[in-house]
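Before I ask anything, let me first share the structure, which is written out below as structure tokens.
For reference, chains read A, B, C, D, E and F in written order, and residue numbers begin at 1 within each chain.
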Amino acid sequence: MTNSKILIKDIQQGDFVNSKFAVVEKSLSLGKNGKYLRLILGDATGRIEARVWNDAEQVSFLFNVNDVVDVEAVAVDYNGIQLNIKRISKADSYNPLDFLPTSSKDIAKMWDSFRKTISDEISDIMLKKLLYSIFDDRIIEQKFKKSPAALTVHHAWIGGLLEHTLEVVHLCSFISRTYPESLNKELLIAGAMLHDLGKISEYAVSGVSFQQTDTGKLLGHPVIGCSMLKQKIDSIQGFSASTAVLLQHMVLSHHGKLEWGAPVKPQTVEAEMLFLCDLISARKTRFDVVKETCEKESWSAWDRFLERRVFAGNNR
Amino acid sequence: MTNSKILIKDIQQGDFVNSKFAVVEKSLSLGKNGKYLRLILGDATGRIEARVWNDAEQVSFLFNVNDVVDVEAVAVDYNGIQLNIKRISKADSYNPLDFLPTSSKDIAKMWDSFRKTISDEISDIMLKKLLYSIFDDRIIEQKFKKSPAALTVHHAWIGGLLEHTLEVVHLCSFISRTYPESLNKELLIAGAMLHDLGKISEYAVSGVSFQQTDTGKLLGHPVIGCSMLKQKIDSIQGFSASTAVLLQHMVLSHHGKLEWGAPVKPQTVEAEMLFLCDLISARKTRFDVVKETCEKESWSAWDRFLERRVFAGNNR
Amino acid sequence: MTNSKILIKDIQQGDFVNSKFAVVEKSLSLGKNGKYLRLILGDATGRIEARVWNDAEQVSFLFNVNDVVDVEAVAVDYNGIQLNIKRISKADSYNPLDFLPTSSKDIAKMWDSFRKTISDEISDIMLKKLLYSIFDDRIIEQKFKKSPAALTVHHAWIGGLLEHTLEVVHLCSFISRTYPESLNKELLIAGAMLHDLGKISEYAVSGVSFQQTDTGKLLGHPVIGCSMLKQKIDSIQGFSASTAVLLQHMVLSHHGKLEWGAPVKPQTVEAEMLFLCDLISARKTRFDVVKETCEKESWSAWDRFLERRVFAGNNR
Amino acid sequence: MTNSKILIKDIQQGDFVNSKFAVVEKSLSLGKNGKYLRLILGDATGRIEARVWNDAEQVSFLFNVNDVVDVEAVAVDYNGIQLNIKRISKADSYNPLDFLPTSSKDIAKMWDSFRKTISDEISDIMLKKLLYSIFDDRIIEQKFKKSPAALTVHHAWIGGLLEHTLEVVHLCSFISRTYPESLNKELLIAGAMLHDLGKISEYAVSGVSFQQTDTGKLLGHPVIGCSMLKQKIDSIQGFSASTAVLLQHMVLSHHGKLEWGAPVKPQTVEAEMLFLCDLISARKTRFDVVKETCEKESWSAWDRFLERRVFAGNNR
Amino acid sequence: MTNSKILIKDIQQGDFVNSKFAVVEKSLSLGKNGKYLRLILGDATGRIEARVWNDAEQVSFLFNVNDVVDVEAVAVDYNGIQLNIKRISKADSYNPLDFLPTSSKDIAKMWDSFRKTISDEISDIMLKKLLYSIFDDRIIEQKFKKSPAALTVHHAWIGGLLEHTLEVVHLCSFISRTYPESLNKELLIAGAMLHDLGKISEYAVSGVSFQQTDTGKLLGHPVIGCSMLKQKIDSIQGFSASTAVLLQHMVLSHHGKLEWGAPVKPQTVEAEMLFLCDLISARKTRFDVVKETCEKESWSAWDRFLERRVFAGNNR
Amino acid sequence: MTNSKILIKDIQQGDFVNSKFAVVEKSLSLGKNGKYLRLILGDATGRIEARVWNDAEQVSFLFNVNDVVDVEAVAVDYNGIQLNIKRISKADSYNPLDFLPTSSKDIAKMWDSFRKTISDEISDIMLKKLLYSIFDDRIIEQKFKKSPAALTVHHAWIGGLLEHTLEVVHLCSFISRTYPESLNKELLIAGAMLHDLGKISEYAVSGVSFQQTDTGKLLGHPVIGCSMLKQKIDSIQGFSASTAVLLQHMVLSHHGKLEWGAPVKPQTVEAEMLFLCDLISARKTRFDVVKETCEKESWSAWDRFLERRVFAGNNR
């Protein structure tokens, strides 16, 4: 039994909780004993259901979704762990990063692994120079480690961009080894590392959630990333003009279809493989996200990204 | 009656012709008196039908489509002017520009009119600076004046890019005056001037015809142009970041729909108006081109760009 | 400070208001001090927010959306002008036209300008005869001046049809002057004047709002308008059969695409230009409408007509 | 064994033929013994293969496709009946109707049956009056009996419109009897009789083949037919306005989908049933036409109307 | 006037009702006299509106949608018959079949008629053997008689599968007689009888409503039915391999289009006709269902299955 | 220098060739010295250009495409190796398998590797039993080793089905190891092994080329394979019903989209991953095939399967 600051992932039945959380959802509901306030609270480590049983209506005016609140509560088990809230009020000061969902993987380790890809897989001197000039840029590194890979669809958490990019690099690396005669391995891996670079300018933290920036909406990450890449290439004397175009092509076309926002279709086999590996990572993670919403049901609700209902019955 | 070098637009019935022309089409046909060679010849001023009646088969091996040939012929009237060829052989040396189709408008005058738009319509100092930095760049000017606006669809001739851009500028200017409360005139006109800038790298002369470059196919002119624009903006200290994004957005989105190669849809009213004015110029010109192929028929063949057959019967 | 009948566009902070308004929206909301009634009221000159703070629930049963109400209120400033309602009850009698949104432009002047197009731009005697036979028909004139151009998408107000048609005529006129060799100016302008004629039977006033008629839904304004046009043409002896078909074709095809309700695609260049000018007027106005909903936000909500979110940030 | 004028359907092996035929296809082919001319000849009763073995090239200049020719030939069996041509020359005079493909059913009988539908199935006096006013109009009757139902897709022969319309009437009649509570039988049958009325102006005989008229292309038969119908209704005093709209709606919407050229979707159950019965008649006949092209193959070539290959293997 | 067990179809104004019903919809509403509970109750014979005026909120916790309740009420006329509920409580025991919507036609008679099709229409011994082996299988018979034809779209009631299948058989039979040269009647009728066989495993009763089974969602009834059919065919020695494939093809392709869930397009004329007859039955019934929701309105709400609003105004 | 039987892959400049080949393409062309016969010949190891210079026209009647011919020729270098044919005649007898394109990989080794997957990756006893019951069935094994994976798109050679399936198994195996918490490895690998099983009945050898069977066209390999699988499962007592459905679902849905012939969308994450791995193998191979057609060009012709032109310029 603990009392005081505790992370959501560590809360257990019977704990007395005295912590700050972000308000993710808020709604008034009607129970047998009258109105109660139903909350979903969040911090970097997860989300938890919570209830306010007394004065629910008045309490509901004290804070809004996306605010951070000070909470005193006891953890009870009611079809899973739930906070029974005694006191709740808007918090004065806090570090927003503490309340954003965060990758379950170690960001520093992922970064090391990602950066090591350059020395392990790339032998071409110019390509190596380019990749270091980008990923050793401290501003890029800082943003790249913190950015999510999407707002809601998949990898929508701090470190999500890095986690997703690393997955795509590994898939591309495997495919390059499987088809050595057909694929230019170094080009494909460099493309995989760079494909979502523009996302570091597409998303920004707003309060305790992520938002798409104006630039992100007006230009889109494929073009933003292509532009960043071009600028870095222009600063490297002697970089092959044709490789420059092929890399930009991969970044631009990685959404695979015009109607999915690629200004050009993949026209090289490496660009096509990058598109499909990106899709595997995104779809796999989206299935995970949707299946988590199923709880004890066998079927999910309609998912507008996958355009289908998902069967979760085979996991039990 | 003339003899010797003559331009296609000047050829009249009875002329003796002794000139160089590009071979645009070549085919062997069977007539009542045996095989003859059917040619379409071209120079900067137009195209003309021609026939070789003797030794057609042997003569046909002497040159290919896209070659330039020395021709001696007499102009006869056979359902329109046609060259009756006496002698024809592959030319040794020539200036390719003499054989590419060329705008019927005066390129220098169009350029003056285009450049004058900046002083006449743009009062914002930074925007003016940007436009001069681009269109006073001699390399850009040279390419911009020579580039076609497309390979085959519309304005597919030297000076076509300038001619088309000027049309779009005029349409946007009129619309800005019509809706002064709704449209940011200077933003719209600047966007119109810049929208097809990337085409100067998308097309290149190959022999006596135009080709799309590798870069053009792999990146597409909206992104190429956006990239050029970004580079020029970055060199102007104090240029508004938000205007920079809005201009890039217009260049990127001017194809109007994702499935037409815009990586983002037009999200500002100026971007949407630019898209529609561009469409008016392109469609109008495509109708002209298709109707010219009708000759004496009321209906064109199926046109895969317009996705319809065109009625030309109302022009007679 | 005024008291008594006042138009919405004239209401200022502090005014005592004693007027009739239409109820455009009605909802019960929960505030810190309990339930209140949130209204949007309208008249021909605009819309205004209003609140009933006392007995909100009972008051809410006294009238419905689309009713006209007698209101006593004071205008206060609460993030913009708002009516604080003291008394409100269903009105007994009123003229529906007083409560329908109305064009901000002078309808009589627009009509003069529209009618003058015939003498200014049309020299063909038969075409002139046709246009006068239609627009000098008093029943048509009355309906044409009052009809909206749509229910919700654009120009959804009294006089909207006239306002929109005039815009399209001006655009077509400019384009005809720009491309004199390619376009039949008189045909295009006549088509522009006639293109939405069928809308006078497609919409009808129902209470204090517009509705689509059964005929409008079952036949659609392109066919209704084509039918009206055909009837007028048949009454003019000697009217050219081919011009008759070309005019009908423009009216029928002005939605541009089969999936947008055109039974045939535009097959003449004039029909295509009419379609695009119509689109410019409609899209421009839709952007205006959507941007007005943004208030202080940079981005609109998803708009199902434009199929995108709109950026309004460049207007500030 | 006969000699002289003979219809294609009557030609048998060994016959000496001395008749006029239309030239449907013409091509020079290369056989073991040199070039020969391969023809497909046609008259109102069918088509037949024919060969010219001597002087094939010279003979080929004597006539073109769509000409009518005088033929002297002997009928031989070579994988089916084929004409071995001795003499062939362009015919001077002939009645085009003798050479157009014609329904295998008796047109006069079909017309009686069609006209009898009015007395048998329609009891509503106004509807009866309308149908008689249309189908007792001698100009309409003449055209309706001769028109094909399409150029190439289905029922592309003289009498085809009548044959197809009768099929649709029978299907609609059956469906009305099957669902008496759901369907307004008289409305549905009247709609079925009228649905393709506009085709009498959409197609015209040109030489010895059918062509789509300019009006047909520019307006389309649903609108042309709706217009004819409207005109007839307007001439009948007291005709119900709502029935008038419902009938027009059925004619306009009978293509079922906007992308198939219906300006509005079927919005009544009768309009929807008409669309589907029309589809059954058209598809059934298209399958027949495609399967006939299979000869001894089990599978047809790709059919662009059905958008599939058709299996004919179950007919043997 | 009756008291006690009564079926919904028999309830009349003034009846005292003491019966079990299923709860189809439940909502709390606000009236002039405070909150009341609005219910829609159902049994096998229909649905009826009901109200609880006292203690509405507390009563609302006593049961949920899809429960069966014991009801004491009086039937009043309030814009149609409505139950004024005195007492209501969750029922202890009941037979779910009593509360599922049921075909208005006699299931035993439909089954006799359906089974008689085999002897009346099928002369081929093998085909007859196959159909008897399927429809004389008691497990299949029991399921086939009880299954609905869909969850919500059409024929969504006990006996609905049989009712729909019989309709399709009758349509196919009529079409076979209409086109005897084009259609293989026995193949088409057998296909019609079998086309929805898989639905007996696609739907299941869950509480007092229908649900799609996991197998139904994961495999779909065309494939399930094809599989059942294959198994039965394999058990009949000497069954023609080609007929086996043609029958499976009809079952698989009866949705007509790939995007509607057919793994292959109909490639035989019989498969195409089956698809269209199935569509007629489904669309007709969907129009009926949608029109019933219109009550006194002329137009239905948007229907997502028909993708349109439906006009019901011609039924009054 | 060799003379006599030689495989195409072994032919070198100067070789005298005396072998049998299949005729893949045949056309008469016109050269400076008159007509010549241009052939593409093939055997199991590849294809080669060939020419007949003398009596080309007569020789062309001696055989057709898809025949096997006896050839005497000398290999010359003319922009690559080419056969200069001295004598050529239709062959009397041959083994068709000698002339079908064949995988460049060793089929026996691939089979061992494929079969070993069962013991290496599958621990579930029932699943193992199922896979052995299928792949130890000698008829299946024989067909599976010989079948192509497609007619023209990808892996269109003997052993192609095995080669492609093995690729998909390896990709799925890698992905299972990458995402152990999200994916049921054994289910995914079993699905990968089984996904194209139906192709053994979809394709057949016809002469010296592959054809789709009637059954293949009418049912499609996803359903055929699902049916085979079901039959094998039914023969294994105690096989889990839910696993049976999940496996069938993977086979049915592996085309990923309804419009690509999947009767159901992938609704489990394993089915989705299988679809994407299948796509990687197919697309990679299609790019290879298309790039081979480029020879010395940088860009391929339009490819209707990839719906794009492919850039091959980065391979040189």
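Heads up, the rule we're going with is that a contact is a pair of C-beta atoms (placed from the backbone, for glycine too) under 8 Å apart; a residue touches a chain by one contact, two chains touch by 3 or more.
If you want to know which protein each chain is, UniProt gives these names: A, B, C, D, E, F = 3'-5' exoribonuclease YhaM.
This is a predicted model, so every value here is computed, not measured.
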Chain C and chain F share contacts with A, B, D, E
Which chain maximises the distance between its CA centroid and that of chain E?
B
Centre to centre, using CA atoms, which chain is the farthest one from chain F?
C
If I compare contact pairs by residue number, which of A-F, C-E or C-D overlaps with A-B on over half of them?
C-D
Let me have the rounded angstrom distance from the C-alpha centre of chain A over to the C-alpha centre of chain E, please.
45
How far is the middle of chain D from the middle of chain E, if each middle is the mean of its Cα atoms, in Å?
40
When you check chain B against every other chain, which residues touch at least two of them?
214, 217-218, 242, 246, 267-268, 309, 311, 313
Per the touch criterion, the pairs are A-B, A-C, A-E, A-F, B-C, B-D, B-F, C-D, C-E, D-E, D-F, E-F
Name, in rising order, each residue of chain B that touches chain D in their complex.
30, 32, 298-299, 309, 311, 313
Touching chain E in the complex: which residues of chain F?
214-215, 217-220, 222-223, 226-227, 230, 242, 245-246, 248-249, 252, 258-264, 267-268
The answer for chain D against chain B in the complex is residues 57, 61, 214, 217-218
For the complex, give me every residue of chain E touching chain D.
167, 170-171, 174-175, 178-179, 182-184, 187, 242, 246, 265-270, 272-273, 276-277, 279-280, 283-284, 287-288, 291, 307-311, 313-314
